[in-house]
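Quick heads-up: structures coming right below.
Shared between the two complexes below is subunit A, which has subunit B as its partner in the first and subunit C in the second.
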Partner chain A sequence: MLDYVLPRYRVLRDKDECIQCGVCERSCSNGVHHVDTDLGRVTADHSKCVNCQRCVVMCPTQAIAISKWPQVGNGTNNWTLENMQDIAKQAQTGAVLLASMGNPKPYPIYWDHLLLNASQVTNPSIDPLREPMETRVFLGSRPNVLKVNEREHTISPKIPPQIKLDVPVMFGAMSFGAISLNAQKSLAMAAEELGTYFNTGEGGLHKDLERYGKNCIVQVASGRFGVDPHYLNAGAAIEIKIGQGAKPGIGGHLPGTKVNEEVSRTRMIPEGTDAISPAPHHDIYSIEDLRQLIFSIKEATRYTKPVAVKIAAVHNVAAIASGIARAGADIIVVDGFRGGTGAAPKRTRDNVGIPIELALAAVDARLHDEGIRSMVSVVASGSIRSSADIVRAIALGADAVYIGSAALIALGCHQCQDCGSGKCNWGIATQKPDLTRRLNPEIGAQRVVNLIRGWNREIQEMIGGMGINAIDSLRGNRLMLRGVGLNEKELEILGVKYAGE
Partner chain B sequence: MKRIYAIESWCIDCKRCEVACRTAHSKSKDPVKAYKVEHVPGARIHVEGDQHVSIAVNCRQCPKPACVDACISGAMQRDPETGIITSDPERCVGCRTCVSECPFGCIHVESVALKCDLCGDGHGEPGEPACVAACPNRALIYVESEGCHHGE
Partner chain C sequence: MVPREGDVRIPSGCAISGIMDRSGTRHDGTDILKSIALMHDRSNGLGGGFAAYGIYPDYHDFYAFHVFYDTREARSETESFLNDCFLCEKQERIPTDETVRSIKNPPRIWRYFLQPNPHKLAATEYDEAEFTMKAVFYINSQIKGAFVASSGKDMGAFKGVGYPEDIGEFYRIQDYKAWLWTAHGRFPTNTPGWWGGAHPFTLLNWSIVHNGEISSYDTNRRYVEQFGYECTLQTDTEVITYLFDLLARRHGFSQEMAAHIMTAPSWDDIDRMDPQQSAYETALRVVYSSALVNGPFSIILGSEEGMLALNDRLKLRALMAAEKGSMVYLASEQAAISVVCPDAENMRSLDGGVPFVVQLDEVAERKAKESPVNEPVPSKLKGSRTTAPVSTDRRGV
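After this line comes the complex of A and B, so read on.
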């Protein structure tokens, strides 16, 4: 059957610059480039290009650029080329459309409508280069009241287990299987150096990464891959994954082709079999059930580690978060609909869930209203793109944030959204040895550390400008935010005033 | 002395090192001119293998180089100060004796012997050879060698 699907990209090659060295051909796992000695030039199979930009970066003479396929649509807003191409794909294959990374649709990005405050005249701003500036964060439950016995130098009640972050950023759950061991190792090494945490995702903890256990959050998801008492105790905290922002309401599916020997051993499943995470946890059908799992895990770890519960930002997120807090979770992770994924049904990724900004504001407000905010820490995730987004998230009520996509971009990811193919040219979302080798964790860790160091410096500059010298003083401080281009309802949910107010 | 070491586990067969080497040994130091105008002879570093297993092969700068001992014209010389072995194209007769003597297959002859001269022309760290600077994955590193000290 003739395939009606058009190429998405066109490889532009500057013939004057191309030296036919073949670096592009050897760099492309999709087989786009070919040094054709008969023609005496390098040819391209445009239809195979996914715009990962590996060749663009690798080309020694900067002879390559990737452009859009020049085909125009028919000019209607309704039957766009993308809509028609999706139909062509499904008419060809009869399958569910799969996509990767975060929701790319033009929904409002509220971060870009929130402006930060700075001190002028009436209160002094603080220069982080000259004065101490605290970016340390503790995550975990806090007692409502702390009694200090000054005579005996003791406090009561006993502080529940917490984890300490030197920077208010952690690396979100990305499993070994979805990403390569070298990618996970890069994040683990970076987390150790930065004094923060990486998250195993639902794929278990590879034995080579156990030495990074004190900088690791181990995840328990619906598939329960790799979960045993040793695993639960290997990390600094445990995260129960209920949902993921990119695909709320559905589970996961790691194709058998990615389940090689190492992934099989780490996940404790047979080699070559599909790793299917069910949509729900089959033992959780209520808040009470969730409480049972939380306390089973706390028992298994002797109440020494905080337990987090991660949910996707959905319509009733605030009420659900309240239930999770009451179920005994120490940390609630809210993942917005722009959060990334290795693979999700396209219609779910593009249409399900709500923005993290609104969800975070609603959760923080609800927990405050119910007087239970100090029972839990709140972590926001789902497309944190810069240090300014972190400052906004903390001002909206987050204790810290998870980054996933941003960390992968630091490793080389160019957001081509082709993770599902397993042919990631950057050695990140693949298990093929010739591709995973492209990511040297020494370089990867260094790049991620550089990014977070830069961001932390920027956070210090921004909060210093507000006259704040500790990130704790920014948390939930929505007076430091002003909205622009938002309607009254949006301002009400975000709990911020309009610029000029 | 500092030497170039190739690390097989990180070599990804991209051969950027070869392009960088030819460019570094051109007059213009420009890859486009080096390939299209100057037609600089082949690289002095070669990536052997394929996408699955590959490694860059270039001169180890041996302390007791067989190529220097074998050279019939005196072109191949080891600098007693730096320890760097170079072949003088003016004196080389292209007899390939050095090729047969080199235990690592690091010398190529294109009318005259071509071998790594630890160029130090890279755009990376000061003194870093071009191939090391061009390697995207630290499969080539330029470090003080262990066990083989200057003058050995």
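After this line comes the complex of A and C, so read on.
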């Protein structure tokens, strides 16, 4: 059958600059480049290019650039080239379309419609270079009232377990299997250095990473890969994953080709078998079942670690979050529909779920209205792109955020959205030894540490400008936000005023 | 029309002053008037006021309501509400000096000495204080043209639109005797021109005079709202008062502890403490993180116990203290103390984040014997997590 699928990218090579050294050929796991000695030039199979830009970065003479495939569509908004190509692919294969990373569709990005405040005259802005500027956050559940002996300075009973973050950012769940051990190790080392946490994802905890346990959140997802009492007690907190922003309502699938010996041992499944996480947890069909799992985990960890529950941002997210709080979760994680994934059905990724900004505002408002907001922690995720997004998220009501894609971009990810192929040229979303070797964990950790340090400084500058010197005073402080380009309903849900009001 | 306080948020700068006799001996309003008048330039004629404690010894078991009315209808509606919920021992116009020319368009100002109607009280789930507080919230938010300026026992607020020294003359505060006086001169950046918006802000026995603009306002507001407080005025003073009421009255902490929670030590300091102290301060900060007050402020809190002064953690607003015998003086400027007590001793600037507590001698004696463990008032309001999952959505969980 003739394949109607067109190339997506075109490799542009400057003949004058190219020295035919072959670095591009050796860099590309997709087999795009070929140094053809017969022809005396370097050729390209454009159809294999995913635009990961590895060759562009590696080329010593900067001879390479990648452009879009120049083919135009027929000009309609309806039958775009993308829509037609999707049909061509499915007509060819009869399969579900797969995609990776976050929702790329042009839905509104509310972060970009929220502007931050600063002090002028009536209250001084605070200079983080001169004054302490606190970004430490604790996550966990709290009582409404403390019983305190003011003379002896004691508290009884003690407060529930908390995890301490020196920066209001953690690294979100990305499993060993979906990403390489070197990628996980980079994040683990960075988390240790920064005083924050990385999340194992649902693939278990590799033995090499156990030493980073105090900076680790272990995840329990529907597949329960790698879960045993030792695992539950290996981290600082446990996260029950109900859903993921990129693919609400469905489970996960790690192809057998990625399940090598190490992945097999860590996930506790046979080598080479597909690791399939069911769509629901088959022991959670309702909120009271969730309560049982939360308390089973608390029992297994002797009530020494907070338990988080992660859900995808879906239509009824506020009521669900309230139910999760009442089911005994200490931390609620809400993951928006632009959050990344190693692989998801394209239609789910592009069409299911709601933006994190609206979901977060709705969850915070609901918990507040029910008088329980201060008793649980809320973590937002699903495409936090910069320090300014973190400030906005906290002002909308988050205690802290998870980042996934941003941390991977720091490691070298160029968002080519081809994670599912297992051929990641940056050594991140792959298990191939020749590729994972490209990611040096020490250097990777340093890049991530640099990123978060830079962000944290920016956060300090921005909240200092607002006249705030502790991030506690930013949480839910929606007066520090103003909307632009939003309609009344959007402003109402976000709980912010329009700029100029 | 210029929007009223409560419709908009209006930042303001201010002068504050406080004079207290620890022995409980009462003094007339001459000194406090002099002290606040000296700081004339720190206000702009758009608000001033006084709080006085110990002024109604003959009625000291009654809630003294000072109420502003814009209209006769507002008064009749309020009075029928008060007659319904309270037993009224006495009601009268508050005497004022209408010859003070700079005071324009004052409202009708009345006072009532009240006790909750025992039958009404028994029918609710509230204690006496909570019942009275709810009544104040009701009048202020539901009865158009009525505003309760103060509602404590044996105390009252005298406030309005004008320079504080003119407001003092208008209310004839020299005619009252109090063991604690606080005063406020306001410099709002807007022109609300509403008497209810002037300071001190009060709630039951609390009164607060405040200089500053808190940048944590919305965080603090959302926090206290969870416990049933309604921030109708959108002012810093209002939310700080509710924080004190929540922490000291409802959660049962000492006022000093409440102030400590609101200006918690920095994490750097906590990290340097010994492990037990560090765990103690960490638990307080973690549980009460939304009660942290940020941004520049200096406040004087008045109550039946005495006064408490507090500065923001970074000490971004001025506040001076001095003593002489049983007298304690506080003011935004040193000169405002010297003008009434030239030989005041121990004159100093208060440190940021360190509560300065002045208690009546008898209160201090009593407190020393009390248990150091707080006794929270059992809350029947929101915030209970033990209830079954409920949802107002049709698609509940």
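Just so it is clear, the second predicted complex is superposed on the first by the 499 of 501 C-alpha atoms of A that agree within 3 Å, B and C clash if a C-alpha of one lies under 4 Å from a C-alpha of the other, contacts with A are read in each partner's own complex, and residues count from 1 in each chain.
As a working rule, a contact is a pair of C-beta atoms (placed from the backbone, for glycine too) under 8 Å apart; a residue touches a chain by one contact, two chains touch by 3 or more.
Every value quoted in this text rests on a predicted model; they were computed, and no experiment measured them.
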- Query: So, A:S27: does it touch subunit B (first), subunit C (second), both, or neither?
  - Reply: first
- Check whether A:L474 is in contact with subunit B, with subunit C, with both or with neither, and answer first, second, both or neither. second
- Scan A:R437 for contacts with subunit B and subunit C and give back first, second, both or neither. first
- Partner chain in contact with A:T122 - subunit B first, subunit C second, else both or neither: second
- Query: Touching A:I19 in the superposition: subunit B (first), subunit C (second), both, neither?
  - Reply: first
- Task: Applying the touch criterion given at the start, work out whether A:M58 contacts subunit B, subunit C, both or neither, answering first, second, both or neither.
- Result: first
- In the complex, the residues of subunit B that touch subunit A are 9-16, 18-20, 23, 31-32, 34-36, 51-52, 134, 136-139
- Message: Applying the document's contact rule, which stretches of subunit A touch subunit C when the two form their complex?
- Response: 119, 122-124, 126, 131-132, 134, 136, 138, 140, 142-155, 158-159, 162, 287, 316, 319-320, 322-323, 325-327, 368, 370-375, 466-470, 472-480
- Task: Would you tell me which residues of subunit A are touching subunit B in their complex?
- Result: 16-17, 19-23, 26-27, 58, 60-61, 433-434, 437-440, 442-443
- Message: Under the definition above, what is the set of subunit C residues touching subunit A in their complex?
- Response: 9, 11-13, 189, 212-213, 215-220, 222-223, 225-227, 251, 253-254, 256-257, 266-268, 276-277, 279-280, 282-290, 292-296, 313-314, 316, 372-374, 376, 379, 381-385, 387-389, 391-393, 395-397
